[in-house]
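Structure in structure tokens, see below.
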């Protein structure tokens, strides 16, 4: 007994205690629900067996059925486009802004802080605002584009199959840019100045310095941002619900919205769960990337 | 180009960029001041000719916003408390060691936040109903949010702890402190800024949480503002000015807090919290 | 854990909760929980409050649920033993629950009731609460859709406001005339949203052309979808009709951005307030002169969950709601689903004229289903509409695909 | 003689990595012991094991007669000065100093008095209310020292405490630390990679390599009688010269190969034909008068420090000579050298162990 107490105050027991409690909490509150989803994907589920675990086991037939649906591949393709374009857009804009504010001018840090407001806005509100701005006939975005001569007729962002997905991507990029910017700012500020000075003396120009110093030095930040971005993007749900509802004709439907739609609009819980399991596999991949990127961390 | 000219130019560009980036926010505010017909006017007016300030009072009264905001506040404070209490220690341990177990821990923590809340809600609802937690709906939501947002907190705060030199803790141990004492006396005070910033960010997320609250909290007197906003939006409405007024009243306090604290938040984020 | 054990646990939880609440209140007070999508200006919330005040022994807890969430919330609650006593449910979803025993069989209670009489209700709404010859609910209200038009615009464009379009061809012709992109005016506003509303708006067209949801890819179905496609292709309606619900679409009619709108009587109160022009209502145009009329049958039903602890009190509440049906139109602009009530004139000429048209249209209203898997059938139809209107499939191909899915559900 | 710290058979593993191998070490009360070796040799691990910051895998660790295996650091009553000083950045100098006292429940006034006293002796009195970030490197070092002193611990542990200071300050602090040690009558264990520090400060030097103690003893013993080539090369600056050689057939001469074979007479005979390595300290190679030179070495480069002339020879392997005074030499010259055969260190070429002459 004394040994246990002393381990709690002085040894491994302290660490294990600190970690076990939250991990146990997370396991109960997130792990079990996750497993419940995995279980459901192998079962036949309807509304009346939601509260139970014993249900007819159907093996992989949910998966087989899912992939025989004509909309499955287009929706996964949309998911890929959504994730890639969102991350690329957020990253490019975020990086651009981070580089811009890295140049120290008066007011830089204050203005940079302002950009973060997009991040603290509730997703629901962001969705509502963008829904309103992207509206085809009265939307202010169409008006601005028309006035500036970029378009001649209104773009029906939410209803035109070739724009709907991009409308959500646009809103999502807006939402996520600031997060990328701040993380990249951190990465930038952690590169020692003398590296740039050395490169400059070695005759590297701005672009060469960027490619040979900045990018390589930020490899671990970039890895973390991209994999966190992947997780956040795959979680993005509010914007779809608020702007396009996955329409028209699934043109802007993505896995996470589709899974919800199947579960709660068509009450096909098993199939919804099946999609979420496929998503889990993808995110496992992202998590591996993230954890590997942290390997390059150094204790400061 | 002289230093001042360059600075002025950069500042001007920065202002333009900020104006573009913050336009959605501006549009939200400006829409609240428009009347029903002005909202749908073409071309839209970028400055309300006849600001309808009464919209705010109307929405505040008719939608019982005070109660909604109070609930949002309770839920956010609760979630932040739970997350900070549980997540800080976890982040500390994950920062202190660098081995296979830490990798496994980090991996698990990230894995657990894979699915969007919209897909987690059914199992959570089922689980909560089994243990009777649904009788305390706000507590149930606090716990659900804590589980959802803790991984993010842990990742952020872990980075903060990484920036506290291990030797300080060791010095405290040699100086005669226990692990517990060293953690509370030395490590925690030094990581305070990063923890505070992460907690504020979690608070803001929890303040805007919607999916769990919508499903778990059935009694209207316990619902937070996000649910109130949603029941206002619904499919059968085009009162965008009122909706935006609701949204404005809802987010303005967080934005205000944010803008007031932003210096601290940004410096907290840039100096180590996310390294 | 088996469902049974689980339900028992749920029941236990419920008992302990109610024990708690009872302690807090008068010992013999019964609490009835009601879920509905009605907002403060709509009937259910007010009726619930009135009933609460009228019955000292019964406390009513009202919860507002969004249209989109009604079924999923109800399912989740029922399967975990958290279901309310009374719910207002959309009529095509009624069979989903009734067929699985989630709703209480009210046949005997209704037979004994002095307030609710089966024969007083319209056949369409009554069908929707019936499953295997038993009554599992009481129609809450009813509605249907018809054609609203802006008479001022008709005059301005040289159309006769007293002769609204009678056939689809006339409707399209009128829409072409009224369409005025320069002034931001569309000929028509309707909803082809990928949701129940889309099905609701589309099925009447199919039925008028001689099809039905069972024969969705028949000539009639294809004709209906082709007509819709023409409307969209010629931009006679806003392309946003694909993602906009009826209320939003009609909002553009009210603001003068659409010359005609297809919608229901739930718009009347708002239109009276907002529309600053001479608006009128006509029956839905038919495919060709003399074709059969048809319309959608909408609105919600009251049902009692089979898990209720207080069936008698719950039914009493529904009886009270039904007793107020005669005031429903005057107060809330909704139509009772009953043939025994004559609606008194409201004093607003436009509204009264519109009401007559809707009552006429109601005669042709057809319920969707009832079918326990209606959401899947409806989804197949929505998919076909969206695929055709976005030009990704021809109407025929889209409907063939829908028919295949529907037949799989129908078995 | 009381042993303040005793290690016997101590091993430490990190997974499969064997960080400390069978360490046996006794530290007398009042001794100043230096642990020295190249980086990665285990000297810091050994120190941290003493402190309790690392746990040892096997063996015994006894401090002041008490077995301390697995006892948490706080119960060992040792003070440690870290390389980075590890000053608590959120505490003033005074708070840093009194931290350990406050933890032990010493009264505030008493702690303050103790801090004042220590600060007076280390010259920190006017800095007591500053924060660490407001101090210079040397001042921080003093705070770190004072923080250790104030506790009057069973032993002081130093982990390369001077490596962050500039050269002049380092030399100064060396003396100061040693004087402090003597004044306090303390027991000190001092880790450094700088053998000069070890030699000048310690009364007992422990040379480590790859987790092993290669040799321990008084500084001059190590200098005079290194047990192997490693210790010989590590102790002394500039480092010892090593030249491969072979014992002549008579067992009394060495044939040294420095570009061309040269013969040296040994003081005592060795096994004939044995391959050896000859160690010659630079400072033991002296300029020879004409005709008395034992070796003639071609010059490669010359560095003049003013007091001495450092010569690098153009031989293979090259040799370093430290010649007193200013000697006019330039590359391509040849320098005649002599030395005392008693100063030759001979190591077995194969085992690199010191050869005890037969």
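Going in written order, the chains are labelled A, B, C and D, and every chain counts its residues from 1.
Everything that follows uses one rule, which is that contacts are C-beta pairs under 8 Å (C-beta built on N, C-alpha and C of every residue); 3 or more make two chains touch, one makes a residue touch a chain.
Quantities reported herein were computed from a predicted structural model and do not represent experimental measurements.
Among the remaining chains, those touching subunit A and also subunit B are C, D.
The chain with its C-alpha centre at the largest distance from the centre of subunit B is D. Looking at contact counts per chain pair, the maximum sits at A-B. If each chain is reduced to the centroid of its CA atoms, subunit A and subunit D end up 55 Å from each other.
If you average the CA atoms of subunit C and of subunit D, the two centres end up 90 Å from each other. Note on chain placement: the centre of subunit B and the centre of subunit C lie 38 Å apart, centres being C-alpha means. Residue positions of subunit D with contacts to 2 or more other chains are 72-74. Within subunit A, contacts with two or more other chains are made by residues 9-11, 50-51, 137, 263-264. Among the residues of subunit C, those touching two or more other chains are numbered 6, 10, 68-69, 76, 79-81, 184, 252, 257. Because contacts link the chains in a way that matches no line, ring, star or complete pattern, their graph is best described as other. Under the contact rule stated at the top, the pairs of chains that touch are A-B, A-C, A-D, B-C, B-D. Of all residues in subunit B, only 6-7, 10-11, 13-15, 17-18, 21-22, 24-25, 27-28, 31, 39-40, 42-44, 86-87, 89-90, 92-94, 96-97, 103, 105-120, 122-124, 126-127, 129-130, 143-144, 146-148, 150-151, 154-155, 162-163, 165-166, 178-181, 183, 201, 204-205, 207-211, 226, 229-230, 233, 240, 243-244, 247, 250-251, 254-255, 258-259, 262-263, 265-267, 269-275 touch subunit A in the complex they form. Across the complex, subunit A meets subunit D through its residues 6, 9-11. Of all the residues in subunit C, the ones that touch subunit B in their complex are 6, 9-10, 13, 16-17, 20, 39, 61-64, 66-69, 73, 76, 79-82, 184, 197, 245, 247-248, 251-252, 255, 257, 266, 274. Residues of subunit B that touch subunit D in their complex: 165, 167-168, 170-179, 181, 185-186, 189-190. Those residues of subunit A whose C-beta lies close enough to touch subunit B in the complex are 8-11, 14-15, 17-19, 21-23, 25-34, 36-37, 50-51, 97, 100-101, 103, 105-126, 128-130, 132-133, 137-138, 140, 143, 147, 174, 177, 182-183, 185-186, 189-190, 228, 231, 234-238, 256, 259-260, 263-264, 269, 272-273, 276, 279-280, 283-284, 286-288, 290-291, 294, 297, 299-300.
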